[in-house]
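Sharing a structure, written as structure tokens. Questions coming.
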Amino acid sequence: MEVFTLFGTDEHKEKYLKPLLDGTIRSAFAMTEPDVASSDATNIEMSMVRDGDDYVLNGRKWFASNAMHKNCRVLIVMGKTDPAAAPHRQQSMMVVPIDAPGVTVVRNLPVFGYHDREGHAEILFEDVRVPSKDVLKGEGEGFAISQARLGPGRIHHCMRAIGVSERALELLCRRAQSRVTFGKPVADNANIQDWIAEARIEIEMIRLLTLKTAYLMDTVGNKEARTEIAAIKVAGPNIALKIVDRAIQVHGGGGVTDDFPLAMAYAHLRTLRLADGPDEVHKRAIAKQELRKYRDLRPTS
Amino acid sequence: MEVFTLFGTDEHKEKYLKPLLDGTIRSAFAMTEPDVASSDATNIEMSMVRDGDDYVLNGRKWFASNAMHKNCRVLIVMGKTDPAAAPHRQQSMMVVPIDAPGVTVVRNLPVFGYHDREGHAEILFEDVRVPSKDVLKGEGEGFAISQARLGPGRIHHCMRAIGVSERALELLCRRAQSRVTFGKPVADNANIQDWIAEARIEIEMIRLLTLKTAYLMDTVGNKEARTEIAAIKVAGPNIALKIVDRAIQVHGGGGVTDDFPLAMAYAHLRTLRLADGPDEVHKRAIAKQELRKYRDLRPTS
Amino acid sequence: MEVFTLFGTDEHKEKYLKPLLDGTIRSAFAMTEPDVASSDATNIEMSMVRDGDDYVLNGRKWFASNAMHKNCRVLIVMGKTDPAAAPHRQQSMMVVPIDAPGVTVVRNLPVFGYHDREGHAEILFEDVRVPSKDVLKGEGEGFAISQARLGPGRIHHCMRAIGVSERALELLCRRAQSRVTFGKPVADNANIQDWIAEARIEIEMIRLLTLKTAYLMDTVGNKEARTEIAAIKVAGPNIALKIVDRAIQVHGGGGVTDDFPLAMAYAHLRTLRLADGPDEVHKRAIAKQELRKYRDLRPTS
Amino acid sequence: MEVFTLFGTDEHKEKYLKPLLDGTIRSAFAMTEPDVASSDATNIEMSMVRDGDDYVLNGRKWFASNAMHKNCRVLIVMGKTDPAAAPHRQQSMMVVPIDAPGVTVVRNLPVFGYHDREGHAEILFEDVRVPSKDVLKGEGEGFAISQARLGPGRIHHCMRAIGVSERALELLCRRAQSRVTFGKPVADNANIQDWIAEARIEIEMIRLLTLKTAYLMDTVGNKEARTEIAAIKVAGPNIALKIVDRAIQVHGGGGVTDDFPLAMAYAHLRTLRLADGPDEVHKRAIAKQELRKYRDLRPTS
């Protein structure tokens, strides 16, 4: 929805944005590819070849979230229009109806054995024709759009991770208070108390950093807030995973089953450490920003 | 099988042990209960009430591995025969055919989102009658049998965890060598190299400790080797989980799907941190053994 | 100074608070004892026995910071006036001139080999007479005063830890940019970049939590902010220690010497994990607060 | 001593090796330099310029252990004889009497706040003349000698780290059994028990890997055992540091003073993570060895 708002034509807004806002249809974002490390956008291989007034798309995408939803109508697809251009001008983004000829939704990808109802889809594109009016913002603008989009996506991930953390901590505490081992409630053990305290400390810290990041996005913009966005994208899921894992441990065998929401929460949070770029790519970006202050110290050889 | 060999009657050996060894039937162990922290054996609630020459069993068990297998014929069930006895004399173990009246296999428990073919079953026992000849070793011997059994079970867990670790490290290295990001193979990044080195170091260490433990079990016996058994039960799955998690990270989105064996391996290894007692119970046992050397230092108040 | 402001008599304020604020004298706080775990205030053994209009003090204190300073004139001493009272009414705090008969400054305690100029003193009290007018707030108020005092002390610790963290991160980056190994600056290695990113993330998080804590202390008071105070007391030094340790690693052998401020910073930060109570006592307090919400779930046995 | 045994001339053996073995003199190894990252041997800057039958040495070394000892008589010095040679043929090692003209022992380097009696010396070499007969093994052999020497040195480091670990665990247990907080011995807290168990597990693992490494060094040689040597060089000090740090925590304020051997042990163990190359260099070597198995998977670009 953010992309249509920012970069869509009037036709796009009428046809897709309105029903999206009304909740009557869904859209999916097709960026990641199974065959290359997609965290480096220059690796994208989906080809988009100009042919008259159309582009012809060929390639394979996966982790297109929501694409399995029965109301999903439209895809936003990232691909390569000009392999000879500068690295961040090679990509374009196009609007493709999910029922366009040549689009095949291959399968719903499982995440730790779970198949989401909305799904992470693998989608095959074979000679899919897209009219040039459906190129978002213009040819070569794909990378720029993806950057504009990722800030909001990432803070949503982090806010959800904080919510899951709170819920997992509550479940942990409830279980620890109510179960007895070796003559006393599990909650009376100092190692469990350490886990609870560490969870509370880390939740408070990541919540404040997320609030600050949201404030920066609203005031100075996504670009200026990119270090903070990267920071919460890394810290949020990792903090949540640690808490959920400990909550599983306190729940014993039940923790890994579906009698509690913990195993499924773990699976989804684990996926967040990879979605929109793995931790390592975000840490690299933060470090580069930090190191820039001292670049004059680099030896000139 | 170990339990039938050590404590079975001739009838048990003929009826169950032989076909088990031939691989024509399967057995399952029903110990853990959903309603109590079963790592403390005195918590076991399954009631086994004497009635004439029979015992009448009522209760609910789960994580009975193999019980969903189509050839599973017999259960070994742990329950409480005498709540008034000394803590470790309250329990008994009985042999129960899986088709005995009153036995209901309720469901196959998922682990994360995975349902094993052999399954972790939840089983309900309602007024199940067991003749006294099928009490293993004698009334009140349940805890002792469980102790005798757990050593071999635990070292098997650890050996499997080492195998999974080696496989995950190989997959990690293969992926890191073959994928390129930001202009070079992933394997050329120093953080990935740190992961590989730490994996190799920890695999070598846990393998040697497992070999030593096996040697001790063979030479001085499970009881004398109990600290080492507890040590590898804790260290093996934790080392393997760290390696599998990092292999997932190197595989990107694919790592959490079933295109690679990593997510399923993670789910099973995570369960091992709870099976046969959570880490915390084993650490407690190791620490108590260590602290015993200095018990004369405890203040007498 | 906070204690004199809140609980001192007019005489105390004239004699000690004014020159303290002018910077012409120093004071020291004598609470911790070498022979007991002083994080549990009920363990305090220093005896304060009423004798006519005086109290007679006997005992040994250590980690009395500033007491070695040449201008140190006065001690605030915590001791036990009534061993028979309720646990938190047994203690009293008294004002004792450092040159009072019976007070001996035994030695300057080293911290990882370092002897501070201001010093952590060990002080012996032998039949030291203190007039009852120098009991702060009243007999039995020692624990209450110590609680009132600790909030400000702890946030100061944390603020200093944040400052040290920033300085260590800067030194780490400078060194990593300027030193070359295996053909490239150390800063170009992805493991070092991970360290830098993790440092930046954690500094941002602890800074915000410290600012929030300061705000709470100013608005709702130390008592209401006690969970946050405990949280930053734990998180601040631990985050700083990790960063300083990594900065040492990047500095090679020089990092452990006094050519850089890192080893000394490490020594002092490590001490902070024990000063005013070890991490474990603060985590216990945080956990108890969290668990209180679910106390009705505890089994009634 | 190993170097003299392997590479010394008869004169060296008579003059230095015999009194070294008798314990009447000491030697020191001068390899690390303050101005470059010496873990990369090609960085070495100490110049060794041929002049007639002599070499003239200029440069600065530090962390020359034992050089402050009153009986230290001789230095083995690594320097660069031919900057134009292949990277690992540029260096040579020479035998230099500590009282040779131009050798100045500048200072005893502190480690954290500790100054060892034997000392880590900083040594200045100004136009020090060394006759060519005192070049060990031959010009350009410095790197090869350093490789031959480092195996034994590293396993000694690790064996000492294991000894310190055992001692620290004993001190931790003794303190935890004898001190009381909140109404029970510290040893009765589950978090402290976790620390004890983790220490015991890790000590057992590193001991076995060290024994295996020693066996390999004796049977297949240092070169074949280089991965294991690197593994214990990394794991030994890190395991020991974690245990010593936790022992300090259990000792409270006393732990950072010299009333217990823990703070000094920490300082020395911390230095071991840098001596003979930082952890990161050893991990890099282990990873490269592991990745070599899969090198055919690297993309050919």
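Going by the order they are written in, the chains are A, B, C and D; count residues from 1 in each one.
Simple rule for what comes next: contacts are C-beta pairs under 8 Å (C-beta built on N, C-alpha and C of every residue); 3 or more make two chains touch, one makes a residue touch a chain.
All values derive from a computational prediction rather than experimental measurement.
> Of all the other chains, whose mean CA position lies farthest from chain C?
The most distant chain relative to chain C turns out to be B.
> Which integer distance in Å separates the CA centroid of chain B from that of chain D?
Inter-chain centre distance comes to 43 Å.
> Taking each chain's centre as the mean position of its Cα atoms, how many Å separate chain A from chain B?
Once rounded, the distance between the two centres reads 36 Å.
> Give the residues of chain A that touch two or more other chains, as numbers and ranges in rising order.
Counting only residues that touch two or more other chains, chain A contributes 180, 189-194, 280.
> Can you tell me, using the touch rule above, whether these chains form a line, ring, star, complete graph or other shape?
complete
> Quick one: in the complex, what on chain A touches chain B?
Residues in contact with chain B: 32, 34, 36-40, 43, 62-63, 109-115, 120, 179-182, 186, 189, 191, 248-249, 252-259, 263-264, 266-267, 270-271, 273-275, 278-281.
> Which part of chain A faces chain C closely enough to touch in the complex?
By the definition above, chain A touches chain C via 169-170, 173-174, 176-178, 180, 185, 187, 190, 192-194, 196-198, 200-201, 204-206, 208-209, 212, 227-228, 230-231, 234-235, 280, 282-284, 286-288, 290-291, 293-295, 297-299, 301.
> Provide the residue numbers of chain C that touch chain B in the complex, in ascending order.
Contact set of chain C toward chain B: 189-194.
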